[in-house]
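Chain naming follows the written order as A, B, C, D and E, and within any one chain the residues start at number 1.
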């Protein structure tokens, strides 16, 4: 082409871009999750590995399938389905039957994402909806915990893992008894604390154990330190809004601290609250899900604190030992409202002008 | 907490056994009036108000019926009382505050056919609540209805801007949303239960 | 509507069938959702609730239609409500007498049939304007449509949620029930799934028609 | 931001904004040089904001450099002067940078003429009344040289109910690549101070602040030294951040006040002028010259001789680029800065009053910058944290995608957006937010006009 | 809409005709309701009695349904009142079961406590001789199906075995239980007054034992006071 004939192609300003693209962000979240997955596999062995693979594959396949069905180009390239799959696996008990994990993955993508128009429109965190669904559907299987660092975990599966589809999983009680050593039992620190022996004595796990992940629990929630480090990686790279985890941890800390001050005998210490259960994982990787959280600076704080508060309330007074999942889902549900009431004050408009919903 | 503790009664109606999300009561307005935030808010307020009034009326009527051993007329009386209570509320609001009437007016007739109101009256009778408990129960139910309605409205406004696939557009997506909300509220089960 | 009295339209198959599919109260008109979701965690409950509603619907339609020339316009809604409440009370007692178990399972939702907009809607928009036989035939159609919808929901929920149908085990002991289906969220999910299925079928049909038209145009 | 300022840690600035790479080193150190005259000049009649000028010459007429060739059409308009001595070739439609054709005068230069300005009427502004100063400014045809091309005399006319106490001189030049203001401040500082005096006189302000970003320490130092001893003119240093040079942002940074939404800087007692504008004014007014040339940064990886050049207005881009060694095509060409400038529709468009820079980017550079794919908004809120006006571009963008333009205006303050491009710059989904907003505003304006 | 309709509607008919119509409708409905209520009342009563009886007999081991009799009592601080089928007006809260010779076989009591979703109601059998709970049925539980519902609970043999002989021995002063009934984590039962929880349904298990404890703490001291009356059916 003659370079004297200009090619008319008007591009709008700005002509500079800086941001990481969506797939870059998503890929980095995956990188940040990989060490946690690695630790889960190290801790729980083959079953955790199978679980992670199962949910991830289920999520990817579901997304691909629906894209094919609706004649759209496949969207699995943006890694968001992978994130959903990994997060889902990390929140499930390590011995969770694989077929149930696949159900969870399918529900997560189909119900929360595809249904609403794909990435960017999932008003709830898909992984959590998937988990909440299987929690309601298979309440027994999802509260069956197995001990960490079981001997022979790299050579054999936890018996419940390989349950046939649509079949009740085998009881793992006998297996746990056989392999349990050094006092590692299947009970999670939270369950011990809540349903501890007798009605009054609460058994609390050592904070150091919680910090380094030497306990039973969901596949990827056990090591607070590792999760913090991986989350910090994202926050430093500005691929996660650090305000949300900060607000959520603050909310949980203050709420549980308040109760602890009122009655130190009945309530766990705030530190225990922060380190136990899925609070860390939820705060750093799920509540901070960009799509389902508010976009306004003030809204982000309210959202985080609300989730932290609800988590503690459900843990202390609810029927379940763990409340992070429900608290975050509630936060997701409330985030449009929070957003509507906390629109930023626009430059040059009155200071007190509240935006009417 | 005891099951007849006032706080527990409130929480129970408010979030644990939310009228809309656990009992499916008041689904028509829940799906119909949740497209916008301000209408949802007004509808919630109107419902809460009517709930309070009709719950107290139903309490009185039930006392009379039990007194005269006429329990078999309960349903007929309740529905009549609720319908007239709504009318009365409408007239009173119109007189007292025309402004409020303008905001709530169009919702009031809708409320008459809202099964949550009748459901509230029936539940409180089955649970044999006393006057104060009825008051708290209806306040909780109304607040719970408003909460569910507002959450739904927020989500729907957000989804208005989404590229929702054509087959799930409309009511299907509302039901799925309600389902996820209901799933979320299951987390509150057992709250204060020990 | 005045001339409806003079020139009654004949009863056709459509009077009856309309309510079952084209104007299905639950799937199309989205009315009466409260009982449709609240009690359909088992097929038995769904049938019970469906039949109870059918009964109230038919009886109240008949009575309203019978009294349609007597009831003054101003008090018509009040009259309809009283009539409906009467039949609901009757059904309530009847179910209580027939089966305690069903009565306990349905609970307050039998009495809540009163607030089911399907019934009041039929009375107001159909029975008050048509002859008794026609109203009854139409009410039958609507009632069966309602029961059918409840069955659609109830069967799916019971089969998945407890692995049984009408209480009989389908898959044997080893089946893992999906408990969520008999819980409230399951109700929402199942009706949502049915609606999705229907709109998918509709869309496919439309696409087919479009394609046919296109090929017709191309060849013709 | 507020906290930092309170503790005296940070430099004066506004909240939010972005830090794009500067790319200023190449041209910032090069002195301004004059460019050759092109054989043919194109003078669009609308080089300013407001009504186009009305030609007062006819085809075939000879004009002298500096002569008025088109007069102002009313108050919101400025006259146009001949940039060179020559003959009027035609008066008709010609292309512009943004695409649509506009009426223009085409001037054919006489070869071998000295091109000295012979058309002037020296005057002394210090003896004139403010109104007379404003008239004199209008006669120079001066517009804002920062890019907006808003007639300077209009800006100097303070609304009756407002009082201006400060003239703010905008030397931020926050757009990457551009260094014209930087060079002007260094090389024409005396003219600048003269211009500041004119502006102060016209607006009735008692003091003036020259706002400069801290990435130009030499300019800060030079101007500080040159400031008059009475303290009426000071230099304010601001953090280097985009869009620090936007009026509203600079006012916020320097005096901490916010211009009310929909209002003018004069509502908070401020008038803002670009340094290049005032420097030019300071040079032109005493001699009664018209605006016929300006300093343009020509930069970017696609040009052999980047630098700051004094270019006669009306010079076609093709000529400029030929002179400086460019072999590409129009796709890599941007008129203005990279953040707010536009890519050009044709190489035949001329340099006009508002052109502060011509950037030649490489095709690879562009394709690396502009995302190949657009994702739906993932609500990352980067844009919310970038918008200097504190809008919610994410929400606005979603509304725009659904064509809910009225809601955007009523609920989300669309009209406060000044299209700085920060939101698009940071958007990981590659959503062309600014373009959306531009379209939305245009459609709303159209609808309003249709309704009226 | 209302304004629209009113403008079209014919002039108000006389209020008399309105009242007449409403009166007519009220009469028809009243008649229907009363008829049905009167007809079904005995059937309903009989069914409820049977259901209760069945439950009561179920919680007392060794009952021969054909020969055993059930007597309802209202027991409170004010004393023990025998409620006969015909004369009884008060609320029954104690059901005594006698064998064919009129000797007390056991006592059925009601208990309730807030469970996971709603109140869990139970009926339990108390044997005064061994001072223990000898049987339990779940009357109502809406807790998670598959975990805490009636069928799952009653189908869990291991859990129900807790109530084959759960000690509710009274303390020395006869005013409270020697050991409160309490739930312990699955597999850690040590005392005969402890309930071994169902793993996974801890809340429901706890609700049951809490209900039992509350009811027993309140009723058993009262029963002890009136045991001589209850012992023989007369």
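Throughout what follows, a residue touches a chain if its C-beta (ideal position, glycine included) is under 8 Å from a C-beta of that chain, and two chains touch if they have at least 3 such contacts.
Please read these numbers as outputs of a predicted model, since none were measured by experiment.
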item: Clusters that remain linked by touching, subunit D excluded; value: one piece
item: Neighbouring chains shared between subunit C and subunit D, ordered by label; value: A, B
item: Number of hops, subunit D to subunit E, where each hop joins two touching chains; value: 2
item: Centrality ranking, top chain (CA atoms only); value: A
item: Pair of chains ranked first by number of touching C-beta pairs; value: A-D
item: Centroid comparison with subunit D (C-alpha atoms), farthest chain; value: E
item: Centre-to-centre distance between subunit E and subunit A (centres being mean Cα positions), rounded to whole Å; value: 43
item: Inter-centroid spacing, subunit C versus subunit B (mean Cα positions, whole Å); value: 23
item: Separation of subunit C from subunit E, taking each centre as the mean of its C-alpha atoms, in whole Å; value: 35
item: Averaged-CA centre spacing for the pair subunit C and subunit A, given as whole angstrom; value: 41
item: Shared interface positions of subunit C, touching two or more other chains; value: 78, 82, 85-86, 89, 93, 179-180, 183, 185-186, 189
item: Where subunit E touches two or more other chains at once, by residue number; value: 29, 33, 37, 116, 144, 146-147, 203
item: Residues of subunit B touching at least two other chains; value: 72-73, 76, 162-163, 168, 173, 176, 180, 183, 186, 189-190, 192-193
item: Pairs of chains in contact (touch as defined earlier), listed by label; value: A-B, A-C, A-D, A-E, B-C, B-D, B-E, C-E
item: For the subunit C and subunit E complex, residues of the former touching the latter; value: 63, 67, 70-75, 78-79, 82-83, 85-87, 89-90, 93-94, 96-97, 100, 104, 161-162, 177, 179, 182-183
item: For the subunit D and subunit B complex, residues of the former touching the latter; value: 376, 398-399, 401-402
item: Contact footprint of subunit C on subunit B as seen in their complex; value: 21-28, 31, 72-73, 75-76, 79-80, 83, 113-115, 117-119, 122-123, 126, 166-168, 170-173, 175-176, 178-180, 182-183, 186
item: Subunit E partner contacts - residues on subunit A that touch it in the complex; value: 139-140, 143-144, 173, 187, 195-199, 319
item: Complex contacts: residues of subunit A adjacent to subunit C; value: 100, 111, 133, 136-139, 141, 163, 166-169
